[in-house]
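Consider the two complexes below, in which chain A is the common component and chain B and chain C are the respective partners.
Entry: the complex of A and B
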């Protein structure tokens, strides 16, 4: 239960961090709060030669409101969001998601960027931020690029992050007052990784919807054209129009073959729809 | 190895630890504070929960090296804490523990809930304690104890503190380091309480496993030599294979020394504490070093005393070199060979020192390249008495 030896660097700024990553010819892992990587290191599932600690990088611990979005530095913690130490543009949605991640002691160190980079399909931010329509800025010495969260995660623990690249910021669009939000996860024990996640961001007045079925064994199912889940159109009575059979078919198509698992996923989504309508 | 400097229970402490050392192992093994318990070691059971910058954190999946500059509070540091005192009484009253293994982490998490929760809501307390596993009590007594303390404090008009009073962003424990965690610089001398130092493995005094004594002489006065010994950069420049990795302060040096013993090559990087006594022209250097490749560590101590000879025109340097080697290299270490290696290093060092004091630059020495052949021939050829004699007569020192 002790990690294999690793080298450790704690760059002072983003440029230095990127330089270290670019130079590293050995196996290198970025660490932020270490709440996902730490257990993997301790279990020796991961044995990097070098660990680059980015929690000393002040640029990554900043938050900025830019026009219609909130730009959140990668090293902002779940507790920072839960406690409202950063502005909230999602009318409480992000605060509630953050407050239910793992345990307080974990939230005090675990970061939003770290969780996304880790790309565990059962983690909250991947599903929640996909539903919120958030984007990521990824930076390397070569420059930066922006990707939508749903394009960032490609599978279990797999993202499009390239060698030498780092999640710099998360861009969360402001949630208009007309939007309804629901987020439900199913855990058998409080604080454990979810067995199923359902997330819904629905705007009946604009007839738009984003639906996420998360915590399946691969990248979450993100539906921006989910009218079929609600009988073909998005209206104010979407709660009544929600069709669990369509959700079940989507899960089957996505390869969730166990009927019991599909049942849990469908119900998590159903409850998320109900929460949005409440 | 990194020198890690942080505050534990109000005391500034420094200790050397590998980057992979968890904060829990750091406080338990380096500081002998075993109140912090380790259960699952992957962040689930909560036994290891400590306060990092005042907020609960898992010390088993937080590496000590990442906590440079942080304020750590373990259960030992909560003896006088008002909330914890109330909780202890309540835990006793409500039978909130049996074996006690989870209790240190439980108290740390419970204290955080008492501070943050607006009221004694049972569900919120249970959710809040869900990251701390107890296999004895069934939690009923624990929840009651926490409820009673919250109720009592709110009844006394003590308001909850949302966020536990934290104001800055980022992982707890990450914000205080003013420097690169791997690169340790000078110890704030005043900051180190004697109590803390005596408890810490920080470049501590030790009993060496091997002690070598050597002598050499230099054709300069003791005062000149002593002044020279105070210039750490200059001394390092004279020592074959040595390099400084950070600007030295008069009492602390960080550097590396590359040594090669036949096929065995090692670069020990580490730190040393420097003590000097001008009254009797003596000094001491106590260091710790680590060779990454062979995963070997060494503790070393060099004591020197400068004795005037030739009516004060020259100096005899009495050296006592003690060291302890652990790790892979210790298994292959043969004291006889190491003794000779040290002797040859000193010979070269003395020659360089002499040249430097005479105003010429150190010879373009081959740093640390003391290969087995020359070593063996050295063993055969050189005797301590002989090279002592030679140094007194041959300041060129081209041995």
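Entry: the complex of A and C
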């Protein structure tokens, strides 16, 4: 389990990183925390000709509060978030999610941008940030664009990231006090990738919902319309109105054919709803 | 001379350094500080690394192996290994079919991961680059991936020359027809998953050749270095004297490291061919996909009982997936053939029948894993006894108490002629039931849980035959039959003690426990006892560490050698004291008589450094003794334990939490109860893995599907509860000090206790789980199936 030979660059600033990416005429992989890419290299599941290590790019470790959102650099680690080393605008939601990612050793090195770029549907940030309504800034030498997380991941390990482009920042909207948050994942053991994720952000006062069913074989299911799952406009009694049969039908439609899998997903979501209402 | 420490009172010690002392482990100073030396830590000048080209297919004919021109000198295939013989592990049991395992594949490949070519380079990464450049032209053959389909006519054949896929079929019967009219008859199919043993350290090999000694030295992470030497000698056609096997620190064995590896043969050949040291370190993917497989059993079993829960008989057909080859030295039938003899466990029954099949498939050879067949057998039988309890309307614990062998029957020969040496099995079960508070759990179940989970309680009990010797193994006719165990004891000129034993320690703490035995016999401070293990050049021959035998056998041998050494020292001491040798005693490290005393230090100093002070008629034998030991009966010690578990099952997510776990264990006299506690904790962790997590699935093409530890789940610290342990110490009447083997027991009973607890929790829902591991998906699937079955037909 040793990687195939590869070239290695460690640019010192974002401009240099983007230049290396733009110039590369070979297959390239960006490495940050390396918690997924490292094993994949060792297993020779990927054999890039060039690795661009962005851990030396200071801009990507910056965090700032801008108006009603928090802008988090891609190289902020899960542990930075877990430990409260960066500000929080989610009333603790992100800290709790971060603290339950894999193991501490993974959280020490793994980065939020790296996890999103890897686009593993079983990982936490894809689902949690979709529920939080976060957006990403993607940057290349040609410029930048902003996409919602749910538009960024398009399938298992598949995103809309283009050649030469990098996840620069994550934009997390501040969570108003009226919002209810629930996040539940089902793992067979501590630190394992999730087999089911249910995430909900519900604002009864504004009658808005963001509901995510994650850790399925494809991109998470993100719903912003309450009518289906809750039988109409969101009100304070949404917990009672949650309809697991609808969730089950949505999963069936999404191609989750195994009834036991659907049962676990539906119940993870039900618990997230219950947690939000608690 | 009398030696007052020959037979100390059982369990009475607990203080000092001798038998019964909870002494911290000597080896931990090195191991816990990261100063151990494992195979992968060995650096030899000029050493190069090996990577293997392995078969990507489970069953295929090799049409060609294409090696790029630039790598020709670095790649070796079977065609290069002229004169190297295949690994043959033959069993003498009648009807056993022989498999020949080429060390590099010849003609066809029979499992994913089988070695096809060996690539050598200055670093492992470069060797893997070369391996990646070698291309195999393979003609895929139909795959034998399901052991039960493998027995059907028309199945593809793993070894064409056999005509079928059965290594061995065995039949055993006692009066089974007398059970058929029993009022309770329960039949089920029960299965245990294929697992990987997963010690922290995988296998690893460094091979080098010493021109001066004309000797091959193989460093290997091995449990049984002397057996490895025999196997290498057979494959390489070399005199055993030209081979030295050294097993350095080993990070867990569990059976996996008792096996002669094709890699060991390959590297031995390669270092002689290339004249420089070579190394291969197993990586985790190799470990999971190409090695270390174990445990895959299937039972079709019927239990007959009377209305009062008393067993009338058991009828079983057991099938074990033995994989592609018979592994050396334990053979391909170790598991299945043992199933027949150990299935009745510690229970009384008048009738019994068991038919077993060791089936060849296109998978890794099945290897003995801690508990060997007993874990599967315990799972099958104990799940069935809970069903008998349900039919009889009795508490599961009560059904056990009515059927367990009783203390007044000891020693006891059971229906398969297993000879139980001692013990009080019902007492262990009673203590476990009391400790788990069975009545309290039942009351809690009646109240129900606020969080919607369901509580269940389960028990299991087993017996573990350990340290079984010549009389048991000679009948098997495998390449290894244990005889007398040898140990050497030597007083050094400064009064220290060196012990040399041929077993090995890979987590068992034998550098401490064998020193405690020596202390018990000679009174030498354990800090001054050095235990030398794991090196064929430095230790007497031994079959090694397996079968929970080392404390009984090597402990007995150390005691015997130390006793003899003490007698010799006593004779010298008596001379120095001018005493009649019959009038002195050896006590607290000194020879004492009415005239005074002389310490072992002084005796050693005189013998080695001042022989002029010895009389002319001194015994010339000196202060170095090699002696051998066998228990008075070599049919094995029988340790046992009752396990009890309380679990909470979440019917929504299928998750299982172990709320409480109790183990009441009887391992005879314990040399170091703290070391035994550690053995039980570790065994429990592995048992929980078997129960809830570990599974190596295969697809219909014979591809192993759990190729990393992200897919092959092992329990971690948060999954293993802190069990409550209770020791009974019934001495074995046959062994030195009354010790029994206990190394494997912790891993035997947990799957059964946990499964019974889960089934207890879910029985009101009509759910029954008869397969390990019990995963959330299987729990939910079973709940949904039960709901479906309950739904009235439309």
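Basically, the second predicted complex is superposed on the first by the 278 of 278 C-alpha atoms of A that agree within 3 Å, B and C clash if a C-alpha of one lies under 4 Å from a C-alpha of the other, contacts with A are read in each partner's own complex, and residues count from 1 in each chain.
In the analysis below, a residue touches a chain if its C-beta (ideal position, glycine included) is under 8 Å from a C-beta of that chain, and two chains touch if they have at least 3 such contacts.
Values in this document were obtained by computation on a predicted structure and should not be read as measured data.
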{"item": "Touching partner for A:264 - first (chain B), second (chain C), both, neither", "value": "second"}
{"item": "Partner chain in contact with A:3 - chain B first, chain C second, else both or neither", "value": "both"}
{"item": "First (chain B), second (chain C), both or neither touched by A:61", "value": "first"}
{"item": "Of chain B and chain C, the chain that contacts the larger number of chain A residues", "value": "B"}
{"item": "Contacts of A:75 with chain B and chain C, given as first, second, both or neither", "value": "first"}
{"item": "First, second, both or neither for A:141, with chain B first and chain C second", "value": "neither"}
{"item": "Partner chain in contact with A:43 - chain B first, chain C second, else both or neither", "value": "both"}
{"item": "Which superposed partner A:189 touches (first chain B, second chain C, both, neither)", "value": "both"}
{"item": "Partner chain(s) touched by A:26 [first = chain B, second = chain C, both, neither]", "value": "neither"}
{"item": "Common interface residues of chain A - those touching chain B in one complex and chain C in the other", "value": "1-5, 39, 43, 189-191"}
{"item": "Contact set on chain C toward chain A in their complex", "value": "123-125, 128-129, 132, 283-285, 652-655, 692-693, 707-708, 710, 713, 715-716, 718-719, 775-777, 780-781, 783-784"}
{"item": "Contacting residues of chain B [partner chain A, same complex]", "value": "2, 18-20, 22, 25, 41-43, 46, 49, 52, 55-58, 60-63, 65-66, 68, 109, 112, 126-128, 130-132, 162-163, 166-175, 177, 179-182, 292, 295"}
{"item": "Complex contacts: residues of chain A adjacent to chain C", "value": "1-5, 39, 43-44, 186, 188-193, 195-196, 258-261, 263-264, 267-268, 270-271"}
{"item": "Residues of chain A touching chain B in the complex", "value": "1-12, 31-35, 38-39, 41-43, 51, 53, 55-56, 60-63, 73, 75-77, 79-80, 83-86, 102-106, 108-111, 189-191"}
